[in-house]
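Look for chain A in each of the two complexes below; its partner is chain B in the first and chain C in the second.
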Partner chain A sequence: MNPHAHALPEVTLPRSFRLLRILVGAGVVMMLWRFLAGLGATTALNDGYPWGLWIAFDVVTGTALACGGYAIAILVYVLNKGEYHPLVRPALVTSALGYTLAGLAIVLDVGRYWNLYKVLYVWRWNLNSVLLEVALCIMAYVVVLWIELSPAFLERWRRSPRRALRWISQKGDPLLQRALIWIIALGILLPTMHQSSLGSLLLIATHKLHPLWHTPLLPLLFLISCIAMGYAVVVFESALSSHLFHRRVEKRMLASLSSVMVGVLLVYLLVRFVDVAVRGQLGAAFRFDGYSVLFLVEVALFLAPALMLLSRRARTRSGSLFRAAMLMMLAGAWYRFDVYLIAFNPGRGWIYFPSVPELVISMSIVALEILGYVAIVRRFPILGGLASATGER
Partner chain B sequence: MTMNRRALLKGLGAVGVATATGGRAAVARSRRPVAEDAVGMLYDATRCIGCKTCMVACRRANHLPYEKPGHPWDDPVDLSGRTKTVIQRYRGREGQSYMKRQCLHCLDPACVSVCMIGAMHKSEGGIVAYDPDRCIGCRYCQVACPFNVPRFQWDSPTPKIVKCEMCRHLLARGRLPACCEVCPTGAVQFGKRKALLAEAKRRIARHPDRYVHKIYGESDAGGTQVLYLSSVPFEKLGLPHLGTESVPRLSETVQHGIYKGFIVPAALYVLIGAAVRRHHRQRSVDERKEET
Partner chain C sequence: MSQARRRGAFDGSESGRLDRREFVKLCLMAAAAVGLPASAARKMVEAVDHGLKPSVIWLSFQECTGCTESLLRTSHPGLADLILDVISLDYHEALCAAAGEQAEAARRRAMEEHAGKYVCVIEGAIPTKDGGIYCQIGGRTALEIVEETARRAGAIIAIGSCASFGGVPSADPNPTEAKGAPQVLQDRRVVTIPGCPANPYTFLGVVLQFVTFGTLPALDERGRPLFAYRRTIHEDCPRRPHFDAGQFAETFGDEGHRKGYCLYKLGCKGPQTHAPCALKRFGEVGAWPIGVGHPCAGCTESHLAFRVPIHTMVKIEHPTPPSTFPPTTPEHGKVSPVATGIAGLVGGALLGAGFRWARKLDEEESSTEEVPS
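Right, the complex of A and B next:
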């Protein structure tokens, strides 16, 4: 599939990576504590804010940031922009890791995790439940992502000294070749479904979510913004790889990708603005109270990267490209935090601010993601197509 | 099983509506009819003397621990993972009143609509019941409930959701819900919803000066099976203005609009698959050309 990609075992990691490992260790300790002592002892969650940082950040924002694989797949496989093909594998790695770890966060967050498998009891499915659809879709998509990524593993294992791995590679490859098209299609369908449904989840909170955010278009807004976030993560990730692995960034590819990003952003802003106007909430948007400021900052965060990348010069400068991508990711995260926590008001008397264990666990999951990315990229043929510039520094 | 029956009933209901409206397809999800056998409670705040006997009886009947173990007296001020009903007092410009907080047993409950595998379900008599065996502890019911009724056992490593189930274990043995059984003034009464609604209307008609001219729950949030009478505006007592539309209506309409019988995702899948296949073929042809 991608004959130019190769593993990078020779790369040495910066010392700061030790910090990530310490963070993961601390996270594991906190997780054990959570299982032994329960959610009340370890989190700031309460009956008014039953969903906190782990849902808003690790699951909802985390999977949206893991939409790189999805966003690139739309470009390459649906819109037939084959030139972006080298971006597929690295994007898939971030997606597979992001979704898998979101799954971990769900296990941590639900109170009765030993009942989780019962979601598969088809005869009990409540098809009115948006969360059921999200849960099933995410479970399926985690599997799909690892299958999509498996050619990279099989390629490596073809020359493995271990016979078992060679055997898996031999048997797996033809199977995969036959099924890959439909797996790829599934890899586009499933995120379309559950990323929009992550917005639909809050439709039920008619009386709790502020009208600036509560709209029947929640699914559409979540879908468009996750695609924009997906592209941003691809840009971010390639800048990071170029730094870590001393590789030259494929500037032309990223520049044209960022023009796609601008388009997605403008569509999002248009939908958001028209929706607020049609629902007669423009007054609330410019009242300059807490919610209004929250909303305006959110819109500004979406607008800023779009404006930055409008100029062709900015698109080709990796610095401004990187900054725009960061802003874009922040904008999507901000929107999701607004919907799930900040603009969510269950009534008087309830407050929520994440506890130390919640924060540590969330950070440790991010750390685990970065470590996992580096580990996979070093061992398997993921990065490629870019001219290697090893030893330039 | 209950789910199947409900789905069937819903389907039949939809067909009924469709024929009644002369074949015009109902765009939004149709309103659920009130079941004939729906039971309920009537809480008349003007009759409540705030003795909290109901709270004690509820705790005993449902084997709930004390709110603050180790304290010389039990004094819950709100619903919690240990308390399914609580009497609160309001004092303000509109006078004073007691208020009994508990699950309102909505006719079309948001918690049931969102629950993944039916841990929250409509049980006999329309009681909103909870089955911990099917509960994953996702707490979506808490997000969904406009009254913040379902509570979670935060302090337990094996937590459950806690909410009033109208003492269905007592009803099954021919007894009354504990709170209704012990209330010395008849401020909270158990009965068929229809009969309670008629009784509430009678009381307002007989003492128009004593009551706010509204029965909370008659149509609020699509109607609830626990009904309230009061002399003080209901929003002062913590029963918000929710409109007459049932809470799950919007989300179910949007969700089923998108996923109409799963046709849309299936069609989308085929379309994406076809596109991927075409472009995939093209690319391998191009690659072969390059190689030769």
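Right, the complex of A and C next:
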């Protein structure tokens, strides 16, 4: 599928990556503690804020940032823009890792995790539950993502010295070729469903969520912003990995991708503003109290990358691209934190700030994601492109 | 009654009513009610085991039998167990099978057999006007009966408000000049267990302590056992937090009343009424006036019950401070300064690193542009 992609076993990593391993170790210890001692002992969660950092960051923001695979798939397979194909595999790696670890975060966050297997009891499903839809979609999508990514593994295993892996590759490849179109279709359907549902989850919090954020359009806003975040992550990640792995950046591709991102961003901002105006909340937006400032900063964060990338020159410069992508990711995260935690007020006196174990576990999950990405990219043909001129191979 | 019969009362096989386990539980509860240690319960069990069932002579005068009724409603033990196994109720007009001369003979026989040891329980007020002619049994006035029976009793217990201080029969204008047992028997110590009706467990605790140790519990100046009557209802009231928070029912059926606020403004006598109702419901079933939304009537206090109108407010006797002050905004959840510090540092470092990297990319690009590859 992607004849230009290579495994990169020769890449050496900066020393700072050791810190990531330490973080993962600390996170594993904290996770064990959480599973043994329970949520009350390890988190700052309470009855007012039953969802904390693990949901707002690891699940909601994490899966939105893992929408690179989804966003690129829309471009390549729905809009039929085959020229973006080299971006598919790296995007899928981040997506697969992001979603898998979001699943881990859900297991961490569920108080009685030993009951989780009951999600599979079909006869107990409450088909009106948004949460059920999210749970099933995310579970299914994790599987779909790894299957979508599996051609990269099979390609590598075809020349593996181990017979078993060669056999899997031989038998799996034709099966996969037949199934892949359906898998890809699912890979577009499932995120559309649950990324919007992550917004729908908060529809129920009518009076708890500030009116600047609570709107019937929550699902739509979550969906559009997750696509924008998906593109931003692809840009961010290819800028980073080009530097880390000394690959030449596909500048032209990223430039045109960022113009797509600008379009998505502008649509998002339009919907957001019209929604606030139609619901008569513009006054609240410019009251300049805490919530209003929060809202304005959020809008500014969405607007800044759009404005930056409007100029053609900025779109071709990797520094500006990187900056815009970073701001875009920050904007999406900011919006999700607002909806899930900051603009969410369960009543007088309730207060929440993640505890140290929550923070360490969340950071360790990010660290695990980065380490996983590097490990996969080194072993399997994911990244394309030539070695850059500055690379010292 | 033979020793064997008495012993059989506890093995369950003979009487089939109260097995030993149940009985020990009962004694433990009674001991706890009087504030005695568990070892006292063991002694009670032993005492009753050795056939030392207290003989009780129960006199009824101007009363409604409500106190007997409340005793009938006890389930730990049931009344049948109580009068057959725990105490020896030798005379009780409402409950004894005998009637007329037979009953009176039973009373006299018990008085002779257990002289100086029996417990004389008085239920109901005693009329004193015109020589006490307004309440007579077998041709003899209540005054005569009470003096005769009490003279040879080991202990005298006045159960209920009527016997304790006159109760309803003594309410104005008190046509019969009804009085309580302590006023009639001024030279004797009378344990009073006021209440309308009285709490049967307070009664049981006093009786069992007397039988086991031959002593009576510590009493206040009105003869009430301190273990039950030391504190006011107000001090332990389940609605007390509403009082402390200034939340009152203003009229029956208003919002505060429906929400279970304090009943003080509706005339609750709880702040002046010494009784254990707030902790041990007086009727055992768990219901009590304050629990069902009615102010306390102050039935254990001679200066309140049947004298001060039910809806008249009383002064707070012990203006005790509340145990806790409800905060204006209750705090739920904690923020760890370490966590905020870590989050700030990590967030800042990531943002800083991001922008530094962006600048690095800029520099690299300009350097490669100068040397076209």
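Please note the rule applied: the second predicted complex is superposed on the first by the 384 of 393 C-alpha atoms of A that agree within 3 Å, B and C clash if a C-alpha of one lies under 4 Å from a C-alpha of the other, contacts with A are read in each partner's own complex, and residues count from 1 in each chain.
Criterion: a residue touches a chain if its C-beta (ideal position, glycine included) is under 8 Å from a C-beta of that chain, and two chains touch if they have at least 3 such contacts.
These figures come from a predicted structure and were not determined experimentally.
Following the overlay on chain A, a clash is recorded for the pair chain B and chain C.
In the superposition on chain A, contact is made by A:A185 with chain B only, not with chain C. Once chain A of one complex is fitted onto chain A of the other, the partner contacts of A:G40 are limited to chain B, with no touch recorded for chain C. Within the superposed three-chain model, A:I351 lies in touch with chain C and out of touch with chain B [touch as defined at top].
Within the superposed three-chain model, A:L32 lies out of touch with both chain B and chain C [touch as defined at top]. In the superposition on chain A, A:G48 makes contact with both chain B and chain C. When the two structures are aligned on the shared chain, A:A277 is found in touch with neither chain B nor chain C.
Among chain B and chain C, the chain that touches a larger number of residues in chain A is B.
Using the contact criterion defined above for the overlaid structures, shared-chain residue A:S318 touches chain C, although it does not reach chain B. In the superposition on chain A, A:S129 makes contact with chain B only, while chain C stays out of contact range.
In the overlay built on the shared chain, the residue A:L116 is in contact with chain B alone; chain C does not reach it. Chain A residues 46-48 lie at the interface with chain B in one structure and with chain C in the other.
Those residues of chain B that touch chain A in the shared complex are 3, 7, 79-81, 110, 112-118, 132-140, 142-144, 146, 148, 150-160, 240, 242, 247-248, 250-252, 254-256, 258-259, 265, 268-269, 272-273, 275-277, 279-280, 282-283, 286.
Touching chain C in their complex are the following residues of chain A: 44, 46-49, 239-240, 243, 317-320, 322-323, 326, 330, 348-356, 358-360, 363, 389-390.
Partner chain A is touched in their complex by these residues of chain C: 329-336, 338-340, 342-343, 346, 351, 354-355, 357-362, 364-365, 367-368, 371, 373.
If you check the complex, the residues on chain A that touch chain B are 35-41, 45-48, 50-51, 76-78, 80, 82, 109-113, 115-116, 118-119, 121, 123-133, 135, 180-182, 184-186, 188-189, 192-193, 196-197, 200-208, 216, 219, 346-347.
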